[in-house]
Structures are given as structure tokens and as C-alpha cells.
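After the C-alpha cells below, expect a handful of questions from me.
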Amino acid sequence: MTSSAFVEIKNAAKSFGNLQVLRDINLTVERGQIVAIIGPSGSGKSTLLRAINELDPLTSGEVWLEGVQINRKLPPRQYEKHVNQVRQDIGMVFQHFNLFPHLTVRGNITLAPRMLKGISEADADALAEEQLLKVGLLEKIDEYPSRLSGGQKQRVAIARALAMKPKVMLFDEATSALDPELVEEVNQVMKQLAEEHMTMVIVTHEMDFAASVCDRVIFMDGGVVVEEGPPSVLFKNPQEERTRNFLRKHLARNGD
Amino acid sequence: MGLDFSVVPGYFGVLLQGMAWTVAITLGAGILSFFGGIMFAVAALYAPWFIRLPMRLFAWLFMGTPLLLQLFLIYFGLIQIGIDLPAFVAGIIGLGLHFAVYNSELIQSSILAVDKGQYEGARTLGLSRGQTLRRIVIPQAVHAVIPPMGNNMIALLKDSALVSVIGVMELTLAAQQSISRTYRPFEFYLAAAFCYYIINLALEAGLRRLERRIAASR
Amino acid sequence: MDIDLILRVYPFFVEAAWVTIELSVLTTILGLTCGALGAAARLSRNVVLRAIAAVYVSIFRGTPALIQLFILYFGGPQIGINLDAFDAGVIGLGVNIGAYMTETIRGAIVSVDKGQTEAARTLGMSRWETMRKVVLPQAMRMMIRPLGVNINALIKGTALVAAISVVELTYTAQRYIGSTYKPFEMFLLSGILYMVIIYIVGQGISWLDRKARIV
Amino acid sequence: DELEGLKERGVMKIAMTGQYPPFNFVNDQNEVVGFDPAIGAEIAKRMGIEVEVVTTAWDGIIGGLLANKFDAVVGSMSITAERQKVIDFVGPYYNTKRAFFTVAGSDITTLEQLDDAVIGLTLGETHDEWARAQGYNVKTYKGLPELLMELTNGRIDVVINDSIPVLLAMKSGQYDLAEIPAPDAEKFPAGIAIRKGNPELKAAMQAALDEMMEDGTYMELANEWVGGDIR
Amino acid sequence: MTSSAFVEIKNAAKSFGNLQVLRDINLTVERGQIVAIIGPSGSGKSTLLRAINELDPLTSGEVWLEGVQINRKLPPRQYEKHVNQVRQDIGMVFQHFNLFPHLTVRGNITLAPRMLKGISEADADALAEEQLLKVGLLEKIDEYPSRLSGGQKQRVAIARALAMKPKVMLFDEATSALDPELVEEVNQVMKQLAEEHMTMVIVTHEMDFAASVCDRVIFMDGGVVVEEGPPSVLFKNPQEERTRNFLRKHLARNGD
């Protein structure tokens, strides 16, 4: 069974022990589409995102990427191989960057392509330079992460993910650990990706940013999708009481 | 009977040779203890129980008995079951394994302390479990324990004196041999202590440089 | 494996183990004393004291304990220090481990948050009062485990005094090897006894550590 | 002279390794016994004093004597010119000869073959220096037990040692060894080592030793511990 | 030379190595007055506060408390005694509480009075209870600090300082390590002290709080006092460009 959608999540449910975190979630993302997921803390946004690349496998339900089921039931060894394979097509950016502190920026970016795609050192270097140019950090290529600001770290993390030429990029609150003055430089990079029609799923607390780049916004609460729609509708004219409540509090907080 | 260091120069050759052996054993055992420590640590954390349990026992034996005894058993004992190691090699293996056990304890806790995000970051890129361990987790864990492992190296240098009991002509035995000719214990032991101190200083300086280099990269 | 022989001689090994224990206890006491004084000197404001302590630590950690024992026992008389073997063993090993303990204790003390000292000083407490009532009680907890590591090394290190002929566990084994030509039995026996001692001490240290951590 | 002081104290400390049967070793009761302590005790008795046996590692034994850790070494020490430079000897109280041992059935049967063999001996022994002077390929160990183990293990081909202890080890049945005939082998007188500058002590001990050789006590002890006359 | 002011700082200058952190600062605090020090990070606020009780002695200049010079030049032994004496009159509260973790709340409060004032155990207990009542934490008297929330910790730290019956209290960002919901409980305690006319010097980033309790606000930047005045003037109508800049950024940040 395949699907016409690019990314498709069907009847996703997830529990941690007794705690049901996701309940019957259905979601499709078309190629080139940019989807934002918003919602209060603990609503399951990260869990959903991490289910897409099997970091937190679903308890039940299916995840598909371009006609391939990601969370297939397979014997351990085959599953491991399969997962490592599909993850190469899914870039992910974390709140806390998770750069490798013992490698330079170059090392961070080239490690996976060299190990997994077996490309030559020269090609890998070219790749690193290309990606760093895109995020505007070419001059930092030989620095260690500890010498970078938070915004620079996150841009390197994006470059690292892009170097694997992923089909889709996942962002989990990519800017919420950053000082306010550094947020914009990361948002710029994400906007640029949007212009290049990268398929993206973005968990964020920044409504303004979500409104300005996303094709569709999904509001989650208590492990379910409460409401979804284009930003113009969802932000300006939400249908659900819970959505309105959330937006009211949130827009106040962001109003500075 | 007073001190008379004039006898020492005649034995410079003997002492220098002893010093060379001491350095060689320390380096050999140091390298073994480093890589052995990593392997033990990985096995202790990730291997199935039928490897893990014997390893715990092994570690427990090595940490619970004097090195002297271990060296003796490795050299004089293993040959009884057909494993004939030259004394020099037995010394390196004994010292190396002994300190590998200590290093392994350090590395284990350091591996567990590596941020979970590092693991996720690597897995997300598509690296396998083994690749993540090898390229991401272990290098960081090892970086973090370089200073305490350095202390173990320094302890190892000094414990290399024990290899004299299995007849390796290292610095201590060289001093003893010189004493058995001249009957001047104080002078030769002092000379030996001096040589150890020099090696120790060199080792410490090397470790400090290494630590600085690592510190610079983070 | 000559079980018969082992059964015949093990009481003497147990006796010798008591010598090892006695050595370990005395050495620990001396080592802790040296360690406490050394740490106090290293942390003092007096430059001379600091320098002396630094040299002490550097030399005694920088050379093998075995050589230090030889110098003290065989060389000592040449400069007028004539100790019997047991005393030389205790003093040699104690001063040696004291150098390590100096660093352990100092490390624990400096790892107490600087804010603690500032808070106490701000209340008007003197340096010494601050040290005694605020810093040391906290450092004490942090040093139990690393001191336990020092003591573990020390217990195994008592085997070195065999070289200056204190008849403790290892030398007892060596003497019996001389008359029986049965090294494995003898070392097995002494090895087991070492493990027992070290296990018990290890349990004691863990207990102390747990107790200290309750708060 | 230390004779006075010794008599005053009433105890003479005598040193040996305690690892050299039959001359000195520990019995099942963990007591140091053997020919050496027996001789030491007898000499002391004749001087009207008691002995206290000290066991100490061989490589520190002369150092210990010089450092006043004990009063005499009654520990099967060969009298050599080298040693006589730093200590005095009473005796000799027995003689042994340099002997050469291989495992039974070894190809090495003559001294000429020693050039290609690996020789084991004890550190600080008289044989050590001699063997090196011959240009042999030498490995040194801390004691006879290690030597005999190494010989049976095959890591050394030949042991050079005083004959009697090895012969006794062979007799105990634990080792299957063969002696290489060496008719011209050097004889070694074993003496009791004391510090230099004590002529009176030396004379008193010598007199006691001579006396017991005269009156048959010596033979009794030799028979008891070694099983024959070893003068 | 004495002064009519209660706390007086004259021509204070302070360097750490080559870095000049305070330059010619003059400041007086009258008895019962409450003074707030505000300014950007690194401007020397903490250093100035810590100079008052000789934690970071001045390089030059004078500090006086009630006619006694605190930073007198004395031979080491006498200096030590003198400083321990005057510090008993100066309470200080730190950003990170610095409670003694090995002592109970009672032990924290009674340690210094018992050691330094030699009061009996019973009196010390009464004292501890009195102070805890004031900060509203009597029921925590036998707890260890690790069992307290941040706000409770800070209130105990204030009680500890008060137990020495200080003439003046210094607060160095007493609330900035606290979660937003805990800030108010500490501010309440400080307000209460203000009502009791405790002399206080308060380093803070909370402009609202400063405006509501302080008699005078001091704006520092780059190691100098740029501007000072009553909150009504300094906050509403600052004279200096630097003050205006700082306040603009800061009020924006606090506006959520």
C-alpha cells in the first residue's frame, strides 16, 4: 500500500508506559510543502516529529515517506539497516543543536556523508563548503563548535543535515534555545530553504515565523490534532476554543 | 658509612639501559591499557551477559589483588598451560591489563555521561549504532577522561618497577644489580629514583600538552 | 593443586593477613595525617609551606614506592635513620600514600562551591571558622570515595614491604614457595586473602559514602 | 667491637632469606629452620647468647647487614673476594660447588654446549658474575624456586647454582633434573658474614664454630639437615 | 574622617589585573534608605556591591559604614579581625542563595550567631524561629536546603542574613535565578523589609520592582555611575542617552 502524499502518518498512537502521548493522529505532507506544528508544552509535538524518523517509534500506526513505510516490522538486524537507510533521507534539527564537540565544523558536516555515502575526502569538503556557504558560515569551517554562538551552531546543524541531501527536513524548536537577537539568523536560513521548496515539518513556538513561511499549521493538544489549516485561517480565525485559548496566551507572550 | 656517589658513574650504562626498558614497558603497557580500557568499557556496557559477567569477575580479580601477584601468575603461570610469554611481554600484558581495568571504569562512567543528544544527532544522520559509538560517543568519552587516565599512566610508570620480579632488567632491577656489585644501596636507589622522576616529569609534561590540545578543541 | 598443603599452612597465611591488616591500618592513619597536613599546607597562604607541600607531593608521587622503601630501609642508616622493617614499611608507605591523599583532600576542598565560602565570610565568619564549619563538612563527603581508592591502592601496596622482609602476606607466600616449590597454591592463598580484605574495606567505604550522602 | 654489646643484649640477630632449603626455609609451622639457623643457634649458644632469625630478601641482605638491621648473615653466603671488601666472614662453615643442571634427558650434557644455551641464575649470586664473564646468555631470577620452574617450563636450558639445594630439590621428587658433570667446578666455601672491624666478635664466633666441628655437633646438624658431611 | 551618611563610598576604583571594572564611584546611602543599582551585564554592579563588604576589596577609594571605614589598611591579622567584625553588620544575599547544604535550615540560620555572638542554643533557636516566621517558612525549620524550592531557599538565605541583625542588607540579583512564578514570594519579603526601614542596596534587573520599593535608583555602565535619581525621574524621564537606551531594551524584554 503506497500513498500519493510525500510524508504520510496514519492512525499514529504512542504511549510511554501508561502515558498516552499521541492518539490516532493522521497527517500528510505534500512534496515541497511546509507544515508547522504548534501547541502547548507536553502536547506531543516532539514525539510526533521524532516518530517520523523512528527516534521514538510509534506504538501503533504507520509512517510513510515517498511510498516507503518507515516503521516497518522487521527482524532486528534488517530493521536497523532499514532505519539507518531511511534516516539518511530525513534531516533533523534539534533545539540544542547536538553538534559533535570533538569535531570541527567540517568534521561535523562531512562525517555522515563520508561514512554512509562513501564519498571522497575532496568531494566531502566541497559538500561542506557548499552547505556552509548556504548558511553563511564558510569562514567557520575549521572552528570547533565551542567557539560558535548559539545561532551559528544551529546554522551548522542545519548544514550538517542538508549535507545528506535529505528529502524532508524536521525542525524541533530550532530557535527556542537561542538568545532573541540570534533567532533571526536561523529563521533566515529556514526561509531560504522554504524558497528552495524543501519539504519541511517545523515544530515551533514562534507564531509570526510560522505564519510567514508555512503552507499549513497544525495545532496539537493532549496528543491529538485539534485543528489544522492555512496560517491565514488558523491564526486569524481559529474554529476551536482550545486553539483560541492557546493563541491568546501565546500571542500575548510573543508581543514584545 | 656515608654517601659516596663516585661509584655511580661506572654503572651509568646499566642504569640507562634499565631506564630504556622502563620507558619501553611503560609505553607498551600504557598503549595496551588505553585501548584495552576502551574495549573493556564497551564490552561492560554493551556486550551480552555471557561476556559481561566474566569480564566483571576479571575486573574484580585485577582490582582486588596486588599487581605483584598478577605479574607472577602471568609469567610463571601461563606457561604451565602452554602460553610462553617473554618476561618483557608478560610485564607489558600484566601492567597493561591491570591498568586497562582501571581505565575501563573511568571510560564507562564517561560514556554514560555523554549527552543523549549526541547519540540522537548521529542516529538521525543515519549512522548505525556501532558507527555512532565508534565515531561520536567513544571519542567524546575518551576526551573527557584523558586527565584521570593520565594519572593512571603515571601510576603505571611507577608500578613498572614491579616487573623486576619477573626478571626484566628495568630500572629497579638495574639498580639492584649495581648494588649487588657495589653494596651501595643508598646511592643507587637514589640514582634510580632520580631517573624515575625524570621520566615522570617528561610524562607529566606530555600529558599536560595533550590536555591543553584537547581543551583547545572544546 | 596441593589441597593438603594449603590446608596445612593456611592458618599461617591468616596470621600474616593480620600483619597486612595492621600495616594497612597504621599506614592509612599516617597517610591521612600526611594528607591532611599536606592539603592544609598546599592551601595555606604561606608561600614556603605551599612550596614544601608541592615538592613533597611531586617527589613522592613521582617515584616508585618500592624505591622509596628501599631508600628508607637500606639507605636510611647511611644517613643515621635506622628503622626496623615494619616501622620502615609503615613510614615509607604512609608518607608515600600521604602524597596522593594530599591531592585527594585538596581536590575535595577546592571543589566546594566558592559561593559557600563567600556566604560564610559575608556572615562574618573567619577563614578558619569557615573552613571548619562550612567547607570541610562538605569536602569530607566528597573525599570519601577517592580516599577509598587511595586506601585500596595502599592495601595492595603493602605487598611491597615483602621486599624489605616484613613477613606479611606476600612474603609469607614467598617463603613457603621457597620451601615447597608450590608458587600457585601459595599465591592463590594470599590472593584470596587480599581479596577478602579489599572487599571488606570496599564495603566499609561504600557504607560511609552512602551514610554521608543521605542529606 | 660489637661483641660486648651483643653479650649485653644477649640476642644476636641472624639473617637469611628463608627460601633456600635445606639450608634455611620455613616448615609447616611457619618456623624458619634448616642448617643455617641450626648452626647460628649453636654458635650463639656457645657464646652464651640467643639468636633471633630474620628473613630478608637476598638482594638486600648485605645492605641490611651494613645497615645494622641484623648482626650476621648465616644464610649460605659464598665467601668471595668481592664481598670481603665490604664484610668479614667467619668460617667457612660448609663447602659447596658450582653445579650445572638441566632437565632430565636434555641434549645439553657437556659444559661446551653452554655457549648456545640460555642460562638461569639468581641475581646477586657469585655465579652471576662468573657466568657473565664466560660470555653466556644469562637470565637472572629472584630465587631458586623461580629458577627450577623456568627450567621445567623450558624458558631456560641450564641452571647454575650451588649444588646442594638443587640436589635436595631433586631428591624431593618434584623435579626431574640432570646434572652436567663438571669435575673442575669451582668450590665455594660458605661463610657467616659480619660487619668489618669486629675482630673479637669474629674470633669468638670462629672459636665456637671450630669447637662444634671438633666435638661432633656439626656432623649431627649436617646429617640432620643435609644428609652428609659438607665440610 | 567620618561622614554623616550611613553607607558612603568615596572615589571607589577597582581593577582585576588590567581590567578596570570600577572608576571613581561616589555613593551615599542614608539610614533606612533603599537604593537600587541597575545597569547592563558587566557594568560592575556586583563588584561594587561586593566592595562594600570587602569580598572584592577596592583598588583605591574608601568604604564607610556608620562612621567606620571598612576598607582600612591594617596589618593582616588585625585586618582579618576588623573585616570579620564589620561583615557582621552587613547582610548579603546572593543570586545562587549559597545555603549550606550540609546543615538544616535551622543550622544555616543559627551557625553564625552562635559562633560569632556566642548566644545560647535556646536563644539561637528562638532567633531562627523569629526570622523564619518573618519570611514565612517556620514549618521548614528542620528541612535540608535540597528539599526547598528556589524561592524558599532565597527566603531562608534572607532569614540567615537577618539573624545577624545587620545594619544594612545587600542583594545581588536575589531573584534572577528563580523561576518567574517564584520571584514574587521573594520580592514580598524584600518589600516587607523595606516597610521596616531596613537600609538596603539592591542590584536587580527587575525595573518594576525597583520602581516600587526604592528611594533611589543608580544606573551604572562601564564601571561608572551614569545617572542617579528617584525612580520616578530615572525611569520616566532619564537624562542620559545611555540610560534611555538601556531602559528601552530592558522594558521591552520585561514586557511579557
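Every chain is named by a letter (A, B, C, D and E) in the order it is written, and numbering of its residues begins at 1.
The rule is simple: contacts are C-beta pairs under 8 Å (C-beta built on N, C-alpha and C of every residue); 3 or more make two chains touch, one makes a residue touch a chain.
Computed from a prediction, not measured in an experiment: that's the story for all the values here.
Between B-C and A-B, more contacting C-beta pairs join the chains of B-C.
With every chain reduced to the mean of its CA atoms, the largest distance from subunit B is reached by E.
Distance between chain centres (mean CA atoms), subunit D to subunit E: 82 Å. The distance from the centre of subunit A to the centre of subunit B, with each centre set as the mean of the Cα atoms, comes to 46 Å. Put simply, the C-alpha centre of subunit B and that of subunit D have 38 angstrom between them.
Remark: subunit C and subunit E have CA centroids separated by 46 Å (rounded to whole angstrom). In subunit E, no position touches at least two other chains. Counting partner chains per residue, subunit D shows two or more touched chains at residues 60, 63, 66-67, 149. Of all residues in subunit C, those touching 2 or more other chains are 70, 74-75, 78, 162, 183, listed in ascending order.
Looking at the complex, you find that subunit A touches subunit B at residues 53, 55, 80-81, 84-85, 87-88, 90-92, 94, 96, 98-102, 111-112, 115-116, 144, 146, 157, 160-161, 164.
Contact residues of subunit C toward subunit D in the complex are 8-9, 12, 15, 70, 73-78, 82, 84-85, 162-165, 167, 171-172, 174-179, 181, 183. Here subunit B touches subunit A in the complex through residues 115, 117-118, 120-129, 131, 135-136, 139-140, 143, 217-218, going by the rule given at the top. Those residues of subunit C whose C-beta lies close enough to touch subunit B in the complex are 59, 61-68, 70-71, 74-75, 78-79, 152-153, 156-157, 159-160, 162, 170, 183-184, 187, 190-191, 194-195, 198-199.
Looking at the complex, you find that subunit B touches subunit D at residues 1, 76, 79-80, 84, 87, 165, 167, 169, 173, 176-177, 179-181, 183, 185.
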